[in-house]
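The same subunit A turns up in both complexes below, where it pairs with subunit B and then with subunit C.
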Partner chain A sequence: MKRYLETGNFAITEGAILAGCRFFAGYPITPATEIAEAMSRRLPQVGGIYLQGEDECAALHLCIGASLGGYKAMTATSGPGYILYADPYGWAIGCEIPLVILNSGRVGPVSGITGAPGQGEFYLTRYPTQGGNYETIVLAPNSAQEAMAITVEAFYLAERFRTPVTVLADQLITDGFEDISVPENEDEMKEMGFRIWPRKINRGPNFYPPTDEIDIPPVVLGHNTGALCSDWTPTEEGYDIEEVEAHHKHAHRLIYKIRNHRDLFNHLYEKKFMDDDPDLIVVSYGTPSRVVNTAVAKARQEGLKVGALRLINLWPFPDEHFQKRNKYLVVELNWDGQLVREVQRAAGKDSEVHFTGCCGELPTVNDLIEIFQKILKGQPLARKGWQLEEW
Partner chain B sequence: MDYLAKKYLRPRKIPSTACSGCGLGINHKATVQAIYELGLEVEDVVWGTSIGCAGRQTFGTWKGDGFAGTHGRVYAIARGLRLALPPEKKIILTVGDGDAFGIGLLHLIHAARCNADLTVIVNDNLGYMSTGGQYGWTTPYGSKTDSSPYGMFEQNLMSEGMDVLNILRYAGATFLARHVSMDGYRVVESIKKGIQNRGFSLIHIVYPCPTNFGSRELGTRSPLKIYKWIESKAAPLGEEKEDTLWATGIYYDASNSRPEFSETIRKNIERIRRSIAA
Partner chain C sequence: MKVRTEILASGFGGQGVVRLGQIIGEAAVKEGYRVTMLKSHGTEMRGGYVRSQVVISKEPIDSPIVENPDIFAALSLAAYNSFKHLVTQGIILYDPAFVVEIDDALTCRQRPVPAKDLSVQNFGRPVFANTIMLGAISRHLDVLDRDTVLESILHVIPRFHEENKRAFEIGYSLFNGKG
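== the complex of A and B ==
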């Protein structure tokens, strides 16, 4: 194990390389540029390829081409680049191409504030492309060290599910310097829980079986397997077809191969002070969860019976955490409230769901504790000027 | 079934579902003929296509591996694939004019810029014909289409002395040719040269669309009429007449004169690895 004082960008790069990533195509964008820079330095050292795309749309298409040729491939960006993935992301979902995509959230909409953290892509990562009829896997780390582990895990899931996986981070995770341990051999990787799935080659002739099975090798071109992949609804062999029944089978596979194997990643969450059935559950993901954890620990010392639930697996949404009637507070780095909508849906009408948002900066521990107190006392939340405090 | 089709194409996809009288099959056959004459086998070629008439009708026809990319992005996909495949594998792309010169022009220019070893066959039916017939970026000035009912008057990549091949030449392409489908064996020869160039090659082939272009511009779906019309507007390079729209032949041949994209990348990675090891 080697220890570094380094950024999340460094950790993500090292994680990708450990997972077998040998192709990265990116486009400079704050705050994910340093991943591209680190990849351009590190990949040639291990025989990998770094490329700059003419835009993010091209970058992800380059990754798709490389993945179709047998590489484990990755790209990284922020919100304004992530929207340009709409085109290739959909193609990769439909053709079941393994890819890893990192999105370091900043403040939007559009370019917004480039060097500050935001969480504006909670729903965009669920619906990164048009057309519907698919499920997506999205994982959200909350530290540099965890970003490394989640990147490794994303490559593992991408191969097994034959699909792009988004790692949703934010500017503080990718830019922030932290204590990072990098495993140096397979034993150390195992010790850290890193799982690796090698690239396999589908030999056909049925490249798109109409089942929810996972672990089917992806299409790899250039091995003369007769593999086909296209934009259109595929037959099992990969021919284009315009028939509702064939499309139904395809859509069913894209949705249920993920929904029916959630046990592979739905253990990815963190609970703190949740054993004694707390009166208020504070829900968050990414960097704000670190403030939430501190606030909840401090609130406990003050006698408030609060617990913290941190989601790492964001999509498919883990409804199972919200089955019990309770009071929930959702803390997010946006003003409009995104995760809170999903919590409201999952928690049902009998639960009380509150929202507190900020953007570009983190909430403070004291602010959060004040909100906990108000919710527990049944008092209305208010913030100067903002009508957004309470959902 | 044709001997070429038997050897190289999938019976399930041949004949294609192209409209009656469509000229695309001529270009398709010229491409396969070129592959045959170069002695290439099914496993030597990965065949990519795009969206639109040219993309959809040629997708999945090749017996070997194939893909149809997102609209206009196949050039980026193919560059990624180029890096992953061994250099001796040929990547041949059959695309349309809207795909290459409209939505995909940026990616096309960047593929030419880095001289990626791709052979791009642009099958130009003079606009967006699979969506019913709207003008595109090579539609002759004044042509009536469903989106230019008063005649196409917008400047495009082939009007006022402009030529889209010039853009690609100065972007770094190393082989460029233009034909009309009826050029027969000359088309095959150009495609052969394109495939043999270890770099970015593009062969622009205008082909007749009786169903949409012909019916709107010429007022008839008679294949004969549009075949004759295109023929009358084409002349070999150097023999152009006043009303020639398409001067045919090899525009630019700098085959094997520039370092190829994937070769450059591989060489540099090797160099870096050696310097680290030393």
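== the complex of A and C ==
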């Protein structure tokens, strides 16, 4: 194990290479540019290929081409680039092309604030393309070290489910420096819990079976095999077609291959101080969860019975955590409240769901403890930041 | 030692604020600590605001935010005014070339480190100011050995080793004991 003081961008790059990524296409954008930079240096060292697209849309198309050519492929961007993936993302979902996509959130909308963290793409990662009739897999790390592990896991799930997997990070993770341990051999990778799934080749004749099965090798062109991978509905035998029944079968497959095998990733969450049925459950993902953890530990010392639930698997949404009637506080890096809506839905009417948001900066421990106290006493929350009360 | 040591540095782009944090962070990694170092900045390459927040701990670090710095290196007046209130028990080290107005109402210790002027005096240009500030920080930083910090400077800045060693010494010896 080698230790570095390095950025999350470094950790993600090394994680991808450990997972077998040998193709990267991207377009520079703060705060993910350093991934492209590191990939351009690292991939040639391990026999891989780096390409810069003329924009993000082109970059993801290049990744699709590489994945169809048998490569494990990845791209990385931030919110303003992620929206340009809409077209190829849908193609990759439809043709079941394994890919890994890193989105490092900054403050939006549009170009917003580049050098500050944001969580504005919670729903966008659920619906990254048009049309519906699909599920997406989205994982959110909260540190540089975990971003490495989650990148490895994303490649693993992408291969087994044959689908693009989004890793949703934020500027503090990718741009921030941390002490990072990089495994140097397979034993160390196992020790760190890394799971690797090799790229396999589908030899036909069942390229797109109308079932919820996973672990079907993806379509790879060449090698005396292959199937048509167009933007139309694929038939089981790998032709494309515009036909109602074939479409319905395929759409069901895209939804239920993921929904019915959630056990492969729904263990990805973290609970702290949750064993004694806390009076308030603080829900978050990404870097805000780190402040939440510190705040909850401190609040416990002050006698407040609060617990912390951190989601790593964001989509499909893990409803199972919210079955019990409770008070919830959702902490996000946005002011409009996105995760909170999903928690409201999953928690049901009996529960009380509160929201506090920040923009471009993490909440402070002291602010959070004040909010815990208010909620536990049934007092209203004051809005922080700009004075919006009169709006 | 206490559970966590927090260092905040802030100034303009181009002053080496991020590099300063990186050097301290790397020294801490070398000494076996867990480290986080956040950098925030505007879009400009030079002249925009920059902030580094370093947390050093024996334990895994949850919140990477510096809420109560042990050392705050203030390299611009705007930075000084934005973050001075965070310092309660710690010390503010400010460069008087930029921080031209000091808030006497603060209860924490505040010491000038004329890094820019000392760099110009000793080396004919301001480029070693950052290393002078690092020397001053190192003097006040209990958790890290001064030689490890110096080693990190020489590792992170590959050129001008002799000048950087001297600059570090100038900053370090500004204070008798801990001033």
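To be clear about the criterion, the second predicted complex is superposed on the first by the 382 of 391 C-alpha atoms of A that agree within 3 Å, B and C clash if a C-alpha of one lies under 4 Å from a C-alpha of the other, contacts with A are read in each partner's own complex, and residues count from 1 in each chain.
In this section, contacts are C-beta pairs under 8 Å (C-beta built on N, C-alpha and C of every residue); 3 or more make two chains touch, one makes a residue touch a chain.
In this text, all values refer to a predicted model and were calculated from it rather than measured experimentally.
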(Q) I'd like to know which partner A:Ala158 touches here: subunit B for first, subunit C for second, both or neither. (A) neither
Of the two partners subunit B and subunit C, more of subunit A gets touched by chain B
* To do: In the overlay, answer first, second, both or neither for which of subunit B and subunit C A:Leu333 touches.
  => neither
Please indicate which partner A:Cys229 is in contact with in the superposed arrangement: first for subunit B, second for subunit C, both, or neither.
first
- State whether A:Val365 touches subunit B only (first), subunit C only (second), both chains, or neither. second
Check: Touch check for A:Pro44: first (subunit B), second (subunit C), both, or neither?
Finding: first
Report for A:Leu5: first if it touches subunit B alone, second if subunit C alone, otherwise both or neither. second
Classify the contacts of A:Thr114 with the two partner chains as first (subunit B alone), second (subunit C alone), both, or neither. second
### Task
Determine, under the contact definition given at the top, whether A:Val291 touches first (subunit B), second (subunit C), both, or neither.
second
Listed in rising order, subunit A residues that touch subunit C in their complex are 3-5, 30, 114-116, 172, 175-179, 287, 290-291, 293-295, 297, 361-362, 364-366
In their shared complex, subunit A is touched by residues of subunit C numbered 21-22, 25-26, 28-29, 33-43, 61-65, 67
So, in the complex, the side of subunit B touching subunit A is made of residues 12-13, 42-43, 46, 49, 51, 56, 59-60, 63-71, 73, 76-86, 89, 106-107, 110, 265, 268-269, 272-273, 276
Subunit A residues touching subunit B in their complex are 23, 25, 44-45, 47-49, 51, 53-55, 57-58, 61-71, 73, 87-88, 90-91, 95, 221-232, 238-240
